[in-house]
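There are structures below to look over.
Below, subunit A partners subunit B and then partners subunit C, in two separate complexes.
After this line comes the complex of A and B, so read on.
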């Protein structure tokens, strides 16, 4: 066996991505809170002229939290975890070090360009695939570099067997690569027309119903391979590491992994139920969404059972609390999605606020909680410092948990209310409500949601503050903690 | 087998890729040809309408409005005939949306007029007092990008055989022809509007975004 104690891992790239996770987290959630408030108080649409309307800010919110915050978090953890489970330091290869740095800086400037062009209104108008072709080219380049970096490290690994987290990181790489390429197939009109118009503009190679199918095959699975797969990679590593407990079942993790890979992609067409895509596709989407409960709950249950006999840690260690709640919200979210995919439920839920409600109990409860727990766990190891304040994590935990509950309950009520009002008829079979009636009734729920946003954002500021003080002002530690992260 | 895969990253990656690529092939490909066929009589967008579609995309109307009427009585009563696949044959990208904070717009051209849109986009509350939609006053002064719309029309005509320049269809012609046609169309719309700045701009051969957007809205039927 190698003497692991002698191995000094190099965290310079992981640190860089940690900073952008915090930066984009603040920016994305700030905009999210603003647009939530705009729905309750429309006057807030006029803070930034034509650039400040709900419609212009909403893609900035979604893209910054997905491709800014979440991807940064995924890469921060990937650069941290992969060295440790492969038992090899990035510093052993100059090439991999350089690649990691190029990866980060290209990503950082690419992200800035993306934010600016999106703010200007340069967009393909495909949800979560809004960037025009020049940015797409940069994104593909970034992805290829990450692939080289990931597989490069795997190539020089000492531990021959890939740990479960690595399976999920590899799947993230492959899944997004495939989906992104096919969904963004577009022809730049400037070149195709012989030099007319804007150089940024492009036209999709798919039209109408086909475009919808490809887009939601992408859109649904970008969620899968951005918000689910790499987050599972994190929890498989950080929960055992923080708790000192071995993963409950290897077989369950096998079943969940291969099950998730096979089933997830089929479920994309549940976004198109009652649309013009053929009925059998809609039914497939519906059925596979329900089947998807199995691998999803498989992972979550594996996590909860990992804590078997050690539940006292929940009261003692706020990081365990964050991760256990994250897997619980993952279970909630992955049972809610299949329910919404049932055709009769979808008829009411589709187009309403229940959908953003569902998205947010998943991302706020599962994705953000897990990424924050991961960064808190990494901080003492990367910076050789104690976590600045345990109390702050505890407060943040309760504040944000309250916020999530307010968010999804208000949106459940809003969504079902509106869905029912749209179809309500009087005794003669005439529609009972004009559209605006169904908007006006939502005001209280939009207000509650905006309050939830403010609370959650406040919690995220506490996280950022705690992280920054950990890096700068906390007590230095001499030896790396084996399991539980030290905190003051 | 799984133990072996976990020690052989290349084959592991190939395995994962096969498993995830499978669904797309089965679900997307079989219907591809049929789903791209237009309904009989469908005309492609004019250059002005395409420019309006770009305004729709730029100000991201899709964040709150759908263009997909589902086959329920409550929807057909409210919005009209349910949507057919072939009606979207020239929509690149599709603009169905996923959220109705505001109403569906797939057949808005059937029941809203140019002057209604003008009032509504300038100040939504003047038409619908309880509206939570923001005003889009900048569309009355920003100039629509007709040239890029022309480039898009040329591209889809040449690469995807979208039927421009056919008998009884939409004429495209050269850039000069297309620009003249767009201006003529814009003047007709501006004649139904009351905003003096818009009228002045159009009289000076410039097309404000709002005019292009209204052309697009009126086409949605």
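After this line comes the complex of A and C, so read on.
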């Protein structure tokens, strides 16, 4: 490694992933809003023949927002943050640069193939693990390339200590690698059936309860290592950097890290409470979910305390506002999840709309807010332009915050109503309501959710517009801002 | 003892073991700072001072060796 005065960080790969974050964000949230409206107004199912039905679009929504939007955001920030905290530029290694580009393009075409096949209804029908095996192989390849890229950069670093964000990115890499491989173990139907069926379709190597257990060990930890761990990586870097305040307690961040790693992996069986899995396993899932409050709140409180003495920034800087609210929604979501995992609460909550309500206060409030704040912070440094409009961020913030509140409150009421109606029995012990009775009662709440979706999507369009104009039309800045991002 | 029972005991043992490890880690963090062996809080500055020409908080010894060569 040679010291070079003109050496700069190279953001070309981070930029590419920034574009796909915006692209997949719009696509995923657009479909999400449409299917929310379909729940309220079923005639919207027939707009595009078989391609526009709820059952076809729902996996597209979940997969595009998870593997399209969120993963792009994770990689955009990982390629940005890791260079800075390791104090090494990707431009210093042609090999790593090439690897980063291959990573992006393979991901982009893999994601396109995934979107097209899901649109055609090709799926192995495991939630969040729907892709058929040829796409799984591509995903594994993409993941290995990211690993080489991540550890390659660590290998040539100048900063000996790995900053806490790097720990979280490494955990994302290792966690998803392990989960994805185990849950997607499948045999092509052609071989499993002795020559019948398609070679491209596959069946899981697990069956029955075992399949459910592996699936939810994966499903829950996909949330852990896709929606929690890398987003914590982001907030541990971007909040201190934007505010100019070091993390309140670095020791607490280390402790929360190991706490999270230790506890999270055991909590997945809370998805199977009151099902056919062993009772002790359900109890374990329930207990570990409650214990999970500690490391989750450890990180969230650490973030809020980072702003200690600097709360004026909350009113002055909309990016701080986005990140503080993200952290607050993380706290809300991580107390709500454990509550739903308590067996008696789960008896009411399971299969109801409270569950998507919970998921969405987490993802809309925590994941999307944090990713948007991160990209806004990165934009002036990557494109050497100030952020196009501060006013637009403020408007977007309030619009989307209102949307989230409408979303989760309507789903809380809908879920609990639904759960209570399903359980209600008359004096003879007969069920009082049929399923369609609950659907009729829930209609207004589904409408509120659809409206919330439209508001949130509108906010995301404002974000995309602001980002695009930042790249193309905003005022150029000569020197890189040290902390607070410049905005017009 | 059949497999199911063994799995339950193994789970219990692992839980207790990992809880002890975690608490041990807390003690380790605070004790090593108190003894002056480590200053964990300085690592928080890595995010704040992250220019490519900034002085690393802790220099990678292998990078230093390379420079000397």
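Keep in mind that, in the parts below, the second predicted complex is superposed on the first by the 474 of 488 C-alpha atoms of A that agree within 3 Å, B and C clash if a C-alpha of one lies under 4 Å from a C-alpha of the other, contacts with A are read in each partner's own complex, and residues count from 1 in each chain.
In the analysis below, a residue touches a chain if its C-beta (ideal position, glycine included) is under 8 Å from a C-beta of that chain, and two chains touch if they have at least 3 such contacts.
Keep in mind it's a predicted model, so treat the numbers as computed, not measured.
Trainee: Does the subunit A-based superposition show subunit B and subunit C clashing or fitting?
Mentor: Because the two structures are overlaid on the shared chain, the partners are seen to fit without clashing.
Trainee: I want to verify the contact counts: of subunit B and subunit C, which reaches more residues of subunit A?
Mentor: B
Trainee: Quick check for you: in the superposed arrangement, does A:7 touch first (subunit B), second (subunit C), both or neither?
Mentor: second
Trainee: In the superposed arrangement, which partner chain does A:160 touch: subunit B (first), subunit C (second), both, or neither?
Mentor: both
Trainee: When the two structures are overlaid on chain A, which partner does A:174 contact: first (subunit B), second (subunit C), both, or neither?
Mentor: In the superposition, A:174 touches subunit B alone.
Trainee: Report for A:198: first if it touches subunit B alone, second if subunit C alone, otherwise both or neither.
Mentor: A:198: touches subunit B, not subunit C.
Trainee: Mind working out whether A:262 is in touch with subunit B, subunit C, both or neither, as first, second, both or neither?
Mentor: A:262 contacts both subunit B and subunit C.
Trainee: Just checking: does A:254 make contact with subunit B only, subunit C only, both, or neither of them? Give me first, second, both or neither.
Mentor: both
Trainee: Considering only the touch criterion stated at the top, classify A:473 as touching first (subunit B), second (subunit C), both, or neither.
Mentor: neither
Trainee: Just to confirm the geometry: in the superposition, how small does the C-alpha gap between subunit B and subunit C get, in angstrom?
Mentor: In the combined three-chain model, subunit B comes within 5 Å of subunit C at the C-alpha level.
Trainee: Identify the overlap between the subunit B-contacting and the subunit C-contacting residues of subunit A.
Mentor: 160-161, 254, 258, 262, 278, 284
Trainee: Tell me, which parts of subunit B touch subunit A in their complex?
Mentor: Residues in contact with subunit A: 2-3, 6-7, 9, 12-13, 16-17, 19-24, 27-28, 31-32, 35-36, 54, 56-64, 66, 68, 70-72, 74-75, 77-78, 83-103, 128, 130-136, 138, 142, 145, 147-152, 154-156, 158-160, 175.
Trainee: In the complex formed with subunit B, which residues of subunit A make contact?
Mentor: Against subunit B, the touching part of subunit A is residues 38-39, 42, 45-46, 49-50, 53-56, 58-59, 121-127, 151, 154, 160-162, 167, 170-171, 174-175, 178, 182, 187, 189-190, 192-194, 196-198, 201, 203-215, 217, 254, 258, 261-262, 264-266, 268-269, 271, 274-278, 281, 284, 288, 347, 350-353, 355-356, 422-425, 430-431, 435-436, 439-440.
Trainee: Going by the contact rule set out above, which residues of subunit A touch subunit C in the complex?
Mentor: Interface residues on the subunit A side: 1, 3, 5, 7-9, 84-85, 87-89, 157-161, 163-165, 236-237, 240-241, 244, 246-247, 249-251, 254-255, 258-259, 262, 278, 280, 284, 483.
Trainee: If we count contacts the way the header does, which residues on subunit C are in touch with subunit A in the complex?
Mentor: 4, 8, 11, 18, 22, 25-26, 29-30, 33, 40-48, 50-54, 56-61, 63, 66-67
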